[in-house]
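Both of the next two complexes hold subunit A, though its partner changes from subunit B to subunit C.
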Partner chain A sequence: MMDVGRHPNIKLLTYSTVEKITGYVGNFQVQVKKKAKYVNETECTACGDCTEVCPVFVPDEFQQGLSSRRAIYIPFPQAVPSSFLIDMENCLGTNPIACGKCADKCDKKCIDYDARDEILEFKVGTVIVATGMDVFDPTVLDEYGYTKYENVITSMEYERLLSAGGPSDGHFIRPTDRKRPKTVGFIQCVGSRCEKLGKPYCSNICCMNTIKDTLLLKDHYPDIEAKVFYIDIRAFGKGFEDLYKRSKEAGVQYIRGIPGEIIEDPSTHNLKVMVEDTTANKMEEYEFDMMVLSVGVTPRFDMPEVQQLLTLSKTPDGFFMEAHPKLKPVDAPTTGVYFAGCAEAPKDVKDSVTQASAAAARAETLLSAGKVKLEAITSSVNTDLCRFCGMCSKVCPYNAFTVDPKKKTIRYVEALCKGCGTCGAECRFGAITMNHFTDEQIITQIDTHLAEKAQEKVIVFACNWCSYAGADTCGGARLQYPPNQRLIRTMCSGRVHEKFVLHAFKKGAPMVVVSGCHYVDCHYIDANRWTQKRVEKLWDKLEKWDIRPERLLLEWISAAEGKRFAKTMQDIEELRKKVTKEEIEHTVKVLTEEEEKEKAKKEKQKKK
Partner chain B sequence: MEEKDFKCLRCGAVNKFPYEKGVMMERQCPKCGSNSIRLVKEKQEEKK
Partner chain C sequence: MPQDDLKIGVFVCECGTNIAGSVDVDKLIEEAKNVPNVVFTAKNRYMCSEPGQAEIKKAIEEQKLDRVIVAACSPRMHEPTFRECVSSMGMNPYLVDMANIREQCSWVHMNMRDTATEKAMDIVKAYVARARYLVPQEETEIPVEKATLVIGGGIAGMQSALDLADAGYQVYLVEKEPALGGIMAQLAKTYPTMDCAI
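Let's turn to the complex of A and B:
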C-alpha cells in the first residue's frame, strides 16, 4: 500500500466514493466525491497529539468494537496516507466550535474545520472493480447466542483479540472475566452453505482461516484446548493440506458436526454445545470457555450502487458476474471493466492478488493497444424510421442508446453494443437492424425449414451461448433428439422478435420453441428477461386468437445441459404429434387474416 | 412474496410460484423441468 501511495503514476484517493460513471471503454468519465477529512493530509505527521486530547470516545470499527477510538483518529494503523481525520458525526461540533482541543494541540496547524467535500472528475480508459466484501452478521442466528453471550465471538473479533495491535495487546482473554480461556471451540460455516439464510455458497476462506487461527492459538498458548466443528474441511490449494495436518498435530481436535445451539452456564459463563459427531455416529456434549463463530463472506452492502454505476450483473449469491467463468474470469460483461478480489466471488489473499494482476494486465493490454476491436454483430439504427419511443434505451442492457422523445433525438454508441439484438426485437418501427442476424435472414431460415412438410417440423430458436451450445453438447455426447427439429441460432434469445414466432406458425409450424440461457447465465446481463416478457405476451395473443399457447414453449438450457436439451426436444416431439392438421390450418388462416388487418391499418395510417 | 398458481405449458401441471408484478424470475416446472410456466389468470379459469 505504501508503494501504491508513493507511485508517481498512481493517484490514490482514500476516504472517497465514486458518484457517477458515464461513457464507455476508453472514454469513461468518473466523478469522485473526496470526503473532507478536516485534517491537512500532506502536512499531518500522524504524531497523535490531537487524538490524545479529544474528549469523544466511540467504538473502534477496526477493532470490531472491542475497544474505543476518538473522534479524531486514523482508521487503522497501516492506513495510507498515514494521517488523521475527524469523524464529524461524533465530533462535538465545529459550527460553532464546541471543543477545538485538537486544533489547539496541533503544532503544525493541520486541522481545518472549514474543509468541504470535493468533487473530482477523471477521464479513464478502463475501470477495475475491487470493492471487496462484508462478513456475515451472526446476530440473526439466535441459536448461537451471539447477541446474548459475551463469550461467543466472531472470527474477526478473535483475530483482533489475538493481534499484538489489538484491544488486549495480543493477550488472549475472554470478554466476561478478562482471563485466559482454557478451552476454545470454533464453529465453521456460520452464514455459509446455508440455504435457510440465503447463503448457499461456500465462503472459500473460512476453513483455512480457522486452521491458521488454531495454529496461532497453539503457538501462543499450547495448553489451550481447541476443538473445531465442521461440515467438511476444504483445505485445497498449495500448502493448505500441510497446514491442516500441522493443526491436527498441534493437538487441535476436528469434529465433523455442527452444534445446533450454544447454551451459557450463567454462573461460570461457560458455553455448552450438543453436537452429533457424524464420524463417530454419536451425540456428544462439550463445554468451552469461549466459542468462535467462523463467519462467512457476503457481498458488500453497496453492491447495488456499483452495479448501477457500471451496468454490471450479479450471480444469484449476490457477487458480480464475470463475462465468462472460464475464458474471461476477470472481465465484466461491460467492455473495459474488470474485477479483482471478493467483489467477484469470495477468495483468499493469494487468489485476490492473482486476479488483481490479471485485471491490471487485461486493462494494460487494452490501453496500450489504443484501439478497441468491436464484433461485427452490433446493431445499426435507421434514424429515418425511428419514432424516438425510447424502447431501445429501455431494453439495452449496456445503455448503448440515449433517446430524448421531446427533442426527438437518438444517440447510439456502437462501442457499447454487445450484439444481443434485444433492441431489434423490441423496436416496433423496424428502425434497428441487427447486423448478421437481420430480420430477413431469420425469416428466410424459417421459410427454408418449413418449405417442405412443415407440419412435421419444430422451429427452435436457440441462443448462441447456451441453448445452441447445449445442442452441441447433446450431439457430442451422442444423445439422440428428434431429427425434425430445426434450430435457428441467434446471439441471444432476446433477439427473437414476436414476428419470427408468428411467421413460423403462419408457415405451418406445429410447435415453436424459444430457448436461451438460464437467468444466471445470461451473457447479456438481463436480456433474456425481455425474451420471457415477450413470450408471455405472445401466449396471451395466441390465446386471444384461439391458438393453443401450449404450441409456443420457452426453455432455458445451458451449454452443459446436453441431456436436458435431448429430453426437452423429445418431450416437444410428443407434443408436436398431438397438434392436429385442423389446428395448423386454423392458425395459418387466423394469422394470415391478422396480417392483412395489420397491413390495412398501416395503409390507412399512411394515407392519414 | 405472494404466491400464485402457474401452469406448465409442457406437462399441464399447476404449481404455486412466488409472484410480484413487474418482477421477472426464472420458474421451472417441478414435474417436467420446463420453463414454459404461465400465470393462471382469473379470466382463463372462468373460460374453463
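Let's turn to the complex of A and C:
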C-alpha cells in the first residue's frame, strides 16, 4: 500500500468514483469524481488530535461494526493515504450550531468544512477493472440466527476479533460475555454452493480461510476446541493440503455435514446444532460457545455501474465475463479492458496478485506498442439510406452506434466495431454493409451451391468461432457425415440475415441450418440472442406461408463439439430426405411471389 | 456489383494424401479452369510449404492475378499464412480466400471419391463467385495513450498499478473508499503464508 502511495507514476485517487468513460481502445476519456474529505490530504500528519475531541460516535466499518469510530477518522492506522477525513453524514459541522471542535484543535489548520467534490478528467489507453467483491450477508438465513444470536458471527468479524488491530486488541472473546470461548464451531459454504440462494458456485476461498482461521486459533489458544462442518474441503492449491493436515494435527475436528439450524440456549448463550455426520452416518448434537459462519464471495453490489461504463457482461454467477474463459481469461470483451481479482471470479490473494500481474502485462502489450491495429472486418453505414430507426444501436453489443430518431442523426464509431454483422442483418433499409461478409458475397455463395441439384443440398450457415470450428474439429476427428451439406461461413450467427435464409429456400434448398455458439459462448457478447429472435420470427413467417418451419433449423454447436456437428449433419440428412419435391416447388413459388410483391411495394414507394 | 474483369487464380492443395486421398484433385483443377474469371490453376503437394507459397507468388506476378483462392485446409489454420504470402507480393491480404476442402470435405467424406470431389468443386466455385465481390480491406492503426486507469485499490488493483508504474507508464488508480487495501486490509492474517495482510 505504501509503495502505491509514494510511486511517482501512480496518481492515487481515493474516495473517488469513475463517473464516465467514453472513447475506445487506446483512447479512453475518463471522468472521475473525487469526493471531498474535508481534511487536506497532503497537509494532514494523522496525529489524531482532531478525533479525540470529536463528540460523534458511529459504528466502525473497518472493524465490521464491532467497535466505534468518530465522525472525523482515519479508516485504520496504516491507511494509505495516511490522512483523516470527515464523514459529513454524521458530522455536526459548523452549521447551524457550531461544533467545529476538530478545526479548533488542528494545529496545521487542515480542516475545511467547505471543501467541495472535484471532477477530474484525463485520457488513458487501457483500463483495468479490479473492483473486487462483496461478502455474503447471512442475515437472510434465519436458520443460523445471525441476527438473533450475538455469538453467531461471520468469518469477516472473526478476522477482526483475531486481529491485533481489532476491536478487542487481538484478544479472542465472544460478544455476549466478553470472555474467551472454549469451543468454536465453523460452518462452511454459507452463501456458496446453494441453489436456493441463487449462489450455486463455489466461492473458492472459504475452505482455506477456515483452515487458516483454525490454525490461528490453535496457535494462540491450543486449549480451544474447534470443529468445522463442511460439504467438501477444497484444498487444491500449492501448499494448501499441508495447511489442512496441520490444522487436523493441531486437533481441529472436521465433520462432513452441514447443520440445519443453530439454536441458542438463552441462559448460557451457548449454541446448539444437530448435524448428520455423513461419513459416520449418524446424527450428532454439538454445543459451542461461539459459531463462525464461513461466508461466501458475492459480486459487488455496485457492479452494474462499472458494467455500464465499459459495456461489459456478466456470467450467470454475476461476476464479470471474460473475452474467452480459457484463452483470454484476463481480457474483457471490450478491447483494451482487462480484469484483475475478484471482479471476474472469487479468488484468494495469490490468485488475485497473479491475475493482476497478467492484466498489467496484457495492458502493457498495447501500451508499449504505442499503437493498436483495429479490426478490418467492420460495418460501414450509408447515411443516405438510413432512416434513423435506431435498430443498429439496439442490437450492437459494443455500442458502436448512437442514433437520435428525433434529430435524425446517426453516429458510428468504427473503432468500437468487432465485426459480428448483427447490425447489417437487422437493418431494414440496407443502410449497413458488413464488409468482407456482404449481402452480395453471401448470396452469390448460396446461388453457386444451389445452381445444380439444389434439392439434394442443405445450406448451413456457421459462425467462425464455434460452429465452423466445430465442423473443423469434426473433420480433425475424421467423423463421417453425408456429403450433402454446404457450409457458408460468417463471423457470427448474428450476421445471418433473414433474406439469406429465404433466398436459399427460394433457390430450392430443402433444408437450411443457422448455427452458432452456445448462448453464453457468443464471441460478440450476446449477438446470438438476435440470431435466435430472427430465426423464431422466420419460423412464424414460414408457417404463415405454409412452408414447414422444421425445414429451418437453429443449432448451437461449440468449437469442441465435433461429434455433435457430425450427429447434427446426420440427423439433418434424414430430415432432408423427407422434404418432398412438391414442398420445394411450393416454397419456390410462394417465395418468388412474395419477392415480387415486395418489389412492387418498393416501386410504389419510390414513385410516391 | 460483381467485378467481371478480374483475374482469379485457384491453387489446390493435395495436403499429401489428406485431400488427394478422398478428392480427385486433377479433376477439380480441370473443372476449375472452366469457371468464369479463373485464369490460372495449379496444384501442390503442400500449398502451405515454401515451394507451395512460391508457386502462388510466381503466379501473382506472371499472371497478374487480382484474387487468389487456395483450396486447402480450414482458414482457421492457414488463413494468416496465405494472407502474408499474397501481402508480400503487394496484394491486399483480404483478396485471398480459403476454400476449406479438407476439414469440411476430404476428411469427413472418405471412401466416396466422386461425391467428395463434387462437393469440393461446389466449395471452390462458391469461393470464386465470392471473390468476384471481394474488395480490399484496410487494417487501420490508431495510437495508444500511454496511461492506464485502474478501477479499484484492493490487492489486485494495487498489484496491476505497481507493475505498470514500474514499467514506466502513468497509472490513475481510483478507489471508492477513503483508503487503499479493500477487503484484504481487513484480514487478520492471510494463507498460505499465515502473515499479516497489511
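Definition applied: the second predicted complex is superposed on the first by the 547 of 608 C-alpha atoms of A that agree within 3 Å, B and C clash if a C-alpha of one lies under 4 Å from a C-alpha of the other, contacts with A are read in each partner's own complex, and residues count from 1 in each chain.
As a working rule, a contact is a pair of C-beta atoms (placed from the backbone, for glycine too) under 8 Å apart; a residue touches a chain by one contact, two chains touch by 3 or more.
All figures in this text were calculated on a predicted structure; none of them were measured in a lab.
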Per the contact definition in the header, classify A:Lys533: touching subunit B only (first), subunit C only (second), both, or neither. first
Quick one: is A:Arg486 in contact with subunit B, with subunit C, with both, or with neither? Answer first, second, both or neither. second
Going by the contact rule set out at the top, does A:Lys109 touch subunit B (first), subunit C (second), both, or neither? neither
With both complexes superposed on chain A, which partner does A:Leu12 reach: first (subunit B), second (subunit C), both or neither? second
Contacts of A:Tyr519 with subunit B and subunit C, given as first, second, both or neither: first
Under the stated touch criterion, which partner chain does A:Glu550 make contact with: subunit B (first), subunit C (second), both, or neither? first
Touching A:Thr568, do we find subunit B (first), subunit C (second), both, or neither? first
Please determine whether it is subunit B or subunit C that touches the greater number of subunit A residues. C
Examine A:Lys406 and indicate which partner it touches, taking first as subunit B and second as subunit C; both and neither are also allowed. neither
Residue ranges of subunit A in contact with subunit C within the complex: 1, 3-5, 7-18, 21, 25-28, 30, 32, 37, 62, 64, 74-76, 78-81, 85, 122-133, 135, 156, 159-160, 162-164, 166, 208-209, 211-212, 215-216, 237-240, 242-243, 302, 306, 338, 340-343, 347-350, 352-353, 355-357, 359-361, 363-364, 366-377, 414-415, 435-436, 438, 440-441, 444-445, 447-449, 451, 464, 468-469, 471-472, 474-476, 478-481, 483, 486-489, 566
Using the touch rule from the top, collect the residues of subunit A that touch subunit B in their complex. 518-520, 529, 532-533, 535-536, 539, 543, 549-550, 552-556, 564, 567-568, 571-572, 575
Mind pulling up the subunit C residues that touch subunit A in the complex? 1-2, 74-77, 94, 100, 102-105, 107-110, 112, 115-116, 118-119, 122-123, 125-127, 129-130, 132-135, 137-192, 194, 197-198
Any idea which subunit B residues touch subunit A in the complex? 9-11, 24-26, 28, 32-36, 38-39, 44
